[in-house]
């Protein structure tokens, strides 16, 4: 896949039109995980728009986005930054060996109280 | 069906006798059992000829254009599908609603004598309908037929049992459910190549003898004077001069009733040349549904039609092919 | 350029363009004053608004031997008469679809929105339309056969 | 028999270089009906026109075709020429052989051949032309202004100063509108009341102006020059002619807990009240929802105390009907409701306010007498945060897709005034873009930053919440790529504005077109910006689109100029190319009226003779030629071809089609 | 009244009691929750990628099953509710997903979003009615309780259509119905830290503490939630600032079940 194709593909997976963004920063103004995002929500949108996906694919933010949809809910232009983050994360985890969490890492961190839901959701988010 | 007929007759008598209405529009016996004709009854005596049987397929609503302007009230029997035409005519101010008493009547689907004849049965004397089957009596005996096979074309895509308008009803039995297949034939034509479609319509339309039966029966073709008879229109024509004009006539007619045609199917029923004229109207209906949202003419007696309304985001004509917004 | 070797005269289509007075006719004027050429077989009929174009005019044009008919009006939302072209858009979408249903080539009919400022676009649209119709060939299906007799 | 003359213009070499004009003129001579054909260098010149006039007279021409430049250029010229020679001006057709022919073709043969076809086409049309007479309709020399804000006031004053009668219909108890609520105005910071109230007084004292306050337009009939308008005068329970505005009733009224709408509900007012000190008319009004007497029948205190005997609890709505030649719509705006923007905590926190509420808090006549005190505890706010674009530029469906245009400037104004008056106050402004086009506007905004030290933060606020009594404003600072939280005492929302909701009814009554945002549509965005497509209706102020006071006033004066121009005429000439129904054929189906954008089509019941001495009454269409604009939408909608368009009749267009297609 | 019920993974394992309590309460209130057959885990997170299909199928299966059994599908866990409701919306409005899902599942009759997805809270509000709950309460909870909504019930509001996304009221109404006093605090719709808790404890800790601190500041004595994962985060990562319980536990307490 060429880089251009990959960019198009990410745009398609995200299902969001990044050109609608008017760069107001409301998404980043609301993001509860802002401090843990090395690339901020609004940057996901603008960088995808500019085709700067290499940095996005390497970002730590894709593992820290909470998918809380606050950015989606607030966007005045109907853009979905969280969907861009997810499209990038999907693209990463679909690559071989790029899963965000490995099966063997799980047993040591599981405690008595951890609900199934946490395991399933984290596994769904981080792995393919 | 006989019980329905009796009930209708009884009601017609009451209405005329009491003077509530000045006339009743229904069907009267024809020369044969299978050719009842629309009729206006003004006296109880005239009701002697009253009939309602499986061959009363005619849509009576158009007769109201004249009748509703006459002195006194007019009662009319409307089948579910006829009620759409009624509403459409009210919407277009062609009939005066206050002067009409609508009696919604039961319909189990009407029969096509041509289809019965095609089964080798002639000289039909009576027909007994029972659910899905029909017993046809003729001078030569009785035959049991499958009703679905001898329904009128329009009844084979029945719009269902709901009357869109009524002042009272005579419904004694459960009526059939809608048959949602009316676009199947249109879709079949759409799937053909342009050449095939042209050949199809060429063959069909060259049969046209411009008898104007379709125009005369059509409740949407209710103009005081037809555009084809209007010298100012630039398309005035009395008869087909050439092959083009057959097409011209039917294209313009279909366009003029687009958004107003309730798909009552009368045009095809009365065509002496058996041209499937309803397929022209249904194309418009299908495209309107697909491009501008579902619309059934005659569902209400007010409001605008799809061709007299718009949205700012309507599909562009160059992208509208196939009848679905892209 | 390659010489045309056939003896037959090359087919030049006859095109009727209905243009609304306020936008498209003015756009055509601008194409003219900007010297932006398009083939001479495009002839323009001026109408106050695209919504004045009756389907009968379109059919009449074909009957009389036109090979292509194009309607031009103001862009939707810019109609001089506020809503006229919205009605045009619906009417012609349905009519052209219907003609295609009758077996008439969809390419023979077209609607384009051209503003008074779009001389360039007017010329481009006409060039493209003539090209399309030339490739499509003569209109035989909607013609009154007597019109072309004696050719 | 028609006698057609054809005149082919060279246009110097503009046409003649590519079109063989002589050949065209020669060829056309043999066209049936053509009795004269000539070519000349410049047909539009004095001599050229003379040539046409002479030919008309000498050859007794019944119609002429000029082959020349675009009709958009010289159709009017040649119509006048024909008229001068005694030929009806509508018996002229132009064949456009310049823009549509000589200028776009290079090949002489090809261009000449096309020119001949174009001239033939024009001949085919002119043969079917009918002499048309521009109709005339009288003009009622009185104007109606709907809305008594600054737009309506300005328009009314300008029209009245020109000597015409004007009525202002205002739905509130006083004129003044939104501007009366403002404290200072940008970019000069003069006090709103100081510049507005003199104008209000002028209106009240002007002998040509009649203010119908507490009134609404109920029904509009007629058309340009001849509107007939029914106005509802709502019961105010106070006799306008008797009330002296002494306000004793306000003091004595026991029901004092009504929300003071003029102060944006920030304090209370009595049931009987005068909206504000400078109200025009300075007459009290009773809120029937709040008045004890009107609700329970017991009380009557105000009546007892009114020295003028002005109180009338029995008053009912009344109606007046008046005739007008022109109507100005100036219905104004309101800030949007903030229900969809709970992230800013407006509903839960008293100290989150809108900018218009801030105006009242800063106004000397406001609830705090002009001292900036926050609503929750009446304390001086030390940190104030402004949020711009609240509900503007929002395509998500929560707000408005457009820019409200005035917020950047008034926010700068607020920030500046606060810093000026209370220098120890910290002021922050969250913005997406600062938009300040306009004379001295950007300078104004820069003063806020440079001179007053207002902290402008590029970014948007995601959440406002209350923590330990402080308003926490959490947002992004895009320049620093940070998320910041500002502990504030007061938060001000620069709320989007929208047209006053009553506009919908007004638009329907006037058949004025309205866009998806409820702004009235102008006739042409650039060239006819103050005219509604409905003739005789003009637009001033925010009802047409967001705008500030200077723009509103300009537009109102422009409206006035248009209205004066209209009212100065005794009669209006109407475009004769209008739709005309053939009553004999009309079905009365209403389809044509459904597509008419101007409401030009009505229906009448007419009696027609049938055969045999019988008659029939039929509903038929009737077109008002003064209102019809001649688009032709109705002609295509009509299935029977009853509707035709003069000057562009079906037969004319058909014959043009035929002339072009014939090979 | 019988309603098809989708329990979801957590309520069948770690939080069995919550499932049991919910059923008991419902039956006291006249609603029988009928667990659908052979349900599969919904995946706990809604896959936003437009090309995801397999990850949506279990939700579609459950929805289709409910369509044939009364037309309503009851959920108790917010995550299940979010996934199933959003998938249902896809099936209703997204032609492409509808086509691909139906193509994959080959159901007798294609599924097109016909089922109504109902959260337990919505069931209490619309089917039972809070007034009826009030009447059924035996032990009114005279406590100040903070409702914690989190994300999944509310957002994206266009699809979830659960309540006002910034100023919801349904859990507060519920608290009133069981005799408690709701405490409104600004962080009731902020994220608890969600699934990130598996890898990164700091973020959920910060978020959960902030939520509970905010509730405490506004006077809450206790916080309730409708999501097992929120429950976990607030309990384990919330520094014990306030006790946190599942909303059905309080319902049971109030009803005396």
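General remarks:
Each chain gets a letter, A, B, C, D and E, in the order it is written, and its residues are counted from 1.
Heads up, the rule we're going with is that a contact is a pair of C-beta atoms (placed from the backbone, for glycine too) under 8 Å apart; a residue touches a chain by one contact, two chains touch by 3 or more.
None of these values were measured; they are calculated from a predicted model.
Common neighbours of chain B and chain C, listed by label, are D.
The chain with its CA mean position farthest from that of chain C is E. Measuring from the average of all protein CA coordinates, the nearest chain centre is that of D. Taking A-E and D-E together, the chain pair joined by more C-beta contacts is A-E. Greatest centre-to-centre distance from chain D is found for E, with centres as Cα means.
Chain B and chain D, compared by their mean Cα positions, are separated by 47 Å. Put simply, the C-alpha centre of chain B and that of chain E have 53 angstrom between them. Distance between chain A and chain B, defined via averaged C-alpha coordinates, is recorded as 59 Å.
Counting partner chains per residue, chain E shows two or more touched chains at residues 165. Contacts with at least two other chains are made by residues 55-56, 60, 83, 87, 91 of chain C. Residue positions 70 of chain A each touch two or more of the other chains.
Looking at which chains touch one another, you get A-D, A-E, B-C, B-D, C-D, D-E. By the touch criterion given at the top, residues 516, 582, 584-591, 594-595, 603, 616-619, 637, 639-642, 644, 649-651, 653-655 of chain D touch chain B in their complex.
Note for the complex: chain A touches chain E at residues 12-15, 32-33, 36, 63-64, 66-70, 72-73, 80, 82-83, 86-87, 90, 100-101, 106, 109, 111, 113-122, 124-126. For chain C in complex with chain D, the residues that touch the partner chain are 14, 16, 21, 25-26, 28-29, 31-33, 35-38, 40-41, 43-49, 51-57, 60-61, 64-66, 80-84, 87, 91, 123, 147-148, 151. Touching chain E in their complex are the following residues of chain D: 341-343, 345, 347-348, 397, 463, 465-468. Chain E contributes residues 8-10, 13-15, 41, 43-45, 47-52, 55, 77, 79, 151, 154-157, 165, 190-191, 193-200, 202-203, 207, 227-229, 231-232, 235-236 to its touches with chain A in the complex.
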